[in-house]
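Here come two complexes built around chain A, the first alongside chain B, the second alongside chain C.
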Partner chain A sequence: MYKCNTHPQSLRPHLHLQELTKQFSGVTAVQSLWLEVQAGEILALLGPSGCGKSTTLQMIAGVVQPDSGTITLNSQILNRVPPERRDIALVLQRGLLFPHLTVGENVAFGLKMRGVSRAERDEKAIAMLRQVQLEGFADRKPSELSGGQAQRVALARSLIIHPKLLLLDEPLSALDANLREEMQDLILRLQAQTGVTMLIVTHDQAEAVVMSQRIALMFEGCLRQVDTPEQIYRQPCDETVARFMGGVNFFAAEAHGRQWRSNDLTLLSEYDHDGCVQVTIRPEQIQVLAEGRSQANTLPATVIANRFTGTQRRLTLAIAPELTLQAWVTPTQDFRVGQSVWAYLPPSALWCFPHRTVPYPVQVP
Partner chain B sequence: MIFVKLQPASQHHPAPSLTQPFPWQAYLLMLPAVGVVGLVFGGGLVLALLQSVGAIGLLGERQISLTAYQAALTNPEFLRSLSLSLYIAVVATGLSTLISIGLALLLRTAGRWASFACQITLPIPHLVGIVGVLLLLSPSGFISRSLYALGWIQSDQDFPLLVNDTANMGVLLHFLWKEVPFITLILLAVLRSINPAYEMQAQILGATPWQRFWNVTLPMMRTGILSSSLIVFGYIFASFEVPFLLGSTRPRTLPVLVYRAFTDSDITRRAEAIALGIILSVLSLLMIVAYSWLVSRGGQKRQFTKDA
Partner chain C sequence: MLRKSFIILVIVVLFLPFLPLVIWSFAQGWFFPQLIPNQWTLQHWLQLVSPTSRVIEGLLQSLAIALITTILSLLVGLPAGRAIGVMEFPGKEALKLFLLTPIIVSPLATLMGIQFVLIRLGLNGTLLGVVLVHLMPTIPYMTLVLTSVFANFDTGYETQARSLGASPLQVLSQVTLPLIAPGIVVGALFAFLISWNEFLLTFFVGAGRVFTLPMVLFTLLQGGNNGLVAAVAITSVIPGLLFLLLASKALENDTALGGFGNV
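Moving on to the complex of A and B:
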């Protein structure tokens, strides 16, 4: 039942990283990393700052050499191929447009390096700018662009060379929230149009969930879980992953098959397990009811805190002397502090992993 | 319920804008610097101009005319001197710049010692350098004597003439020794301020090492190269003591020609010397204008014809 699927078997891997390891001055940045990315897939490399995800990206791009392990793209081992001949594009956090070139020249840069004639690359650059909704910007200087526009130009500059693989290193982290959503849509639309395989590095779990088909979660240079966003969200492989994905409810229990006992309470789950476990449930999946009902996993509780965040109401519920859970309900569901309520924990939402006495190092952004 | 519309802080307390300063304030702040430059250099230049057109007579007489300029420009040596000055300035500046670009690229990742090494020659006066070149490269210099001692040459006559020669090799070598560290120092600072991620980005986009240098590194060094080479060019073009002591005796560079005319036993040639000096100043000014034009031309955008 544990979803530590770090090396999924696939039929047609496009990018294949095997035992990739990198150390800087004796400090391990990436440790024996295995990863496969399918052709046309969008995979997010997610993890806290300093976990080695950008180093992994730089090794794939070829600007950092791995100490050991192999990088294979379309069955070709890339380790000894220089970056300029890998046909991989990289978009960095701030776009990094060449300041001495115009927007059009920036977009056409990769074509110029490939010896494409000026007329052809100008035509392609303008078409590419149209695709990123920057028609008419070709003659501007990068200094005349906003952050979002610069990032779109960087994207156009990378896509114009039709890369085999597009790497995006925190591409949206410098943008404000509204712009970020626009850019997410644009990137996904362009990916759908071009079918390019994409590897996105991000520390923002919401961004990873929205943008990718699969998430590879990294902690301290190691891959912890590779799965679909939904699986990683609902069925994390351990407490570190669960906390990183925004989990806040954790409690110890004794599992006997689908019956889990904790604090003199018996909970039913859809998942089988035996022994000492750490149970988790996402706060938005707990249902808070004013009236009780005779249904399994419906527990009497008292509201001990109520915080309104605009889009939701965050309730803290005291269920047993040593068991408090957070439930995030809609803003219209208003409960008083001190009010007696009923908390329903759906069996499908209760998830567990082996109990650890020493917690994982957690670094939530 | 009362909604209070919050104004951005800048609307409450407008911050002083750097892009729109009060002009009179800026001019006032520039006054001390402009005053010194204006009095010392501008005053001297105006005085020279007045003398060259005869508004102030050298011997008390006053007769306004352009005779001095006519004499300067019809001087058979003028064009040859101008050509020689330009040749020395162009070759010395060009070579210094090329060598400095290479050195700066080589020393880019070197430690602080590189910048320190470049500063060693800066405080050494040109005269000391000239003496050094004479001691090393003259027919009776250290190298010539060493080669003789080794038996490679039979006499100092076999040693190539490198000082006071027609090709001005000694002058060029002296300027290279003095200016290469200066330009390298400036270019090192420029190079170290360039984010290496630009070159990395270019490499990933398919640029070979040469393409990276030509399309990214060099254009980003452009301002530093132009400004440092302009300073060096201006200095070499107007330099007197180096070509005077190490250069060819005929033709002479323009500043040497000015000096010769100014110290001529015929005191009436002074007006011509001053006119030559004014011409030299005008030429230097024209070069600054040409530089500004070059910089603004580089900043012009190439039009994408098919774009709106």
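Moving on to the complex of A and C:
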């Protein structure tokens, strides 16, 4: 599973977690976790609250000691390295600017700890503040900042020490929606400028998708799937993952290669499978047509609910007595409740995984 | 306006009792039915600073004992308060109750035993012995104050500081201590004033050889020199007031904890 990287590139920051395990008074928080983060990559550690993602972050930062397993950064085993010598910066949800210091002193804190002279510190702090668009804020107190500004200062404070790895623990969940997008852009821009490797912990799947190049999905202390956002969306490895990523359509089928039978219907998929499977299709992938056309996977349906959300129209379609699907279409497509329509399920969008009769114990929001 | 007059009222009520003391300390006899004394004098204050009255000696001893006691109770109270305020461990509630016992149980009940132990240790009648018994009430107060300070302290600041490259010692001096400074000031104020005003424990353990300001005052009270007693009484209040003023200055700059929690 783990292959040692012998390229000269391995000198660049590169995080490996191997068999990382942590228990808190008998309860397993993280269970033999394996993960690799490439240099310069943005990886999101995604999962519901209490899944062990924050514990994983704390172990990487050195705040919590793992029970077993190793943490390797840049070919150096970190397990016994104290947090202040790991070169790993942490940005927490609450921002946690030191209230007794000015904004400038906060940003320069890491340099001060490294014995950098005052003049150089001030100069670098001001430059760093300019990068997060807070020029002229150096002499303010953290209590005078808004939530978004405080979070930007926290970011500047972490980046000024040029960390080998930047850990962000729910950095934006305390901010409101508009500000969050602005901050996402800023973080991504700073990441592009500095090339810092980033690990973001979040419970918000939308945020993980926007922010990261790869997502590591975690449930109950175990990694379930590590993939690009698009793959996790389109090809979830099981129903829990699919539901967590916002999947709502699930039905059982009998698969024979690319032909899947369910409720006396035959569906065509691009994917080969055999046996009992659980089929899923993203609600926004289903096309709803007012008039039928003779094409595979085009099924007659009845609209039984129509909910307008502003950006979408969420239709519930009855396709067979035991089969209802949700289709999220553009708001301009309006259908009456009770109207007969046609639903087209694109073969590339039909995905399945081996059927499980026992439901996962994970509570999905 | 109402608020201002209320504050004036409070000040008057608090300070009015001191007025007779001030008059006494400058009066050359003050007898019924005089509303104010006929003759004024500085004699009592001169007497106070002269070595024969031993007031200055008592003041210095009190100051030394109170400062040492405060520092020692801080040294015990800081780690103890942090442990109880931040950490979870079995027997925590029992320990909290145990901490309160020196405050609950009257020193009269324990003095005999304490004196017995201190005599055997050769500490009876020494400054160190007095400091040790002063620690009995000050450590619980200090620990309780600092426990609630630490209960409201976000240890995330320390985590954050370490991830930015601060060693544990740097975290303590640059982050933790500045952030809990208001709580330390309050705890130190408690400890200092308790020690400063302590009479009974000093009286027994000091065995007349450790002569603090309350001892001086007690002796003088028996002597019946009202003028000198008044002057000493005023003097004994001054350090407390000074300390309180300094503390309120420090607490005004309290941006850290939003007060010192539910002390």
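To be clear about the criterion, the second predicted complex is superposed on the first by the 350 of 365 C-alpha atoms of A that agree within 3 Å, B and C clash if a C-alpha of one lies under 4 Å from a C-alpha of the other, contacts with A are read in each partner's own complex, and residues count from 1 in each chain.
Rule of thumb we're sticking to: a contact is a pair of C-beta atoms (placed from the backbone, for glycine too) under 8 Å apart; a residue touches a chain by one contact, two chains touch by 3 or more.
This structure is a prediction, so every number in the text was calculated from the model and none was measured.
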Between chain B and chain C, positioned on chain A by superposition, is the outcome a clash or a fit?
-> clash
Could you say whether A:88 touches chain B, chain C, both of them, or neither, answering first, second, both or neither?
-> both
Touched partner set for A:286, first chain B, second chain C, both or neither | neither
Touched partner set for A:35, first chain B, second chain C, both or neither | neither
Could you look at A:126 and tell me whether it touches chain B, chain C, both or neither (first, second, both, neither)?
-> first
Which of the two partners, first being chain B and second being chain C, lies in contact with A:105: first, second, both, or neither?
-> first
Should A:143 be classified as contacting the first partner (chain B), the second (chain C), both, or neither?
-> second
Check: chain A residues flagged as touching chain B and also chain C 61-63, 82-86, 88-90, 92, 96, 98-100, 109-110, 112-114, 141, 157-158, 161
Residues of chain A defined as touching chain B within the complex | 61-63, 82-86, 88-90, 92, 96, 98-102, 104-105, 109-110, 112-114, 122-123, 125-126, 129, 135-136, 138-141, 157-158, 161
Inside the complex, what are the residues of chain B that reach chain A?
-> 195, 197-198, 200-208, 211, 215-216, 219-220, 222, 301-308
Per the touch rule, the chain C residues reaching chain A in their complex are 154, 156-157, 159-167, 170, 174-175, 178-179, 255-256
Of all residues in chain A, which touch chain C in the complex?
-> 58, 61-63, 82-86, 88-90, 92, 94, 96, 98-100, 109-110, 112-114, 141, 143, 157-158, 161, 167
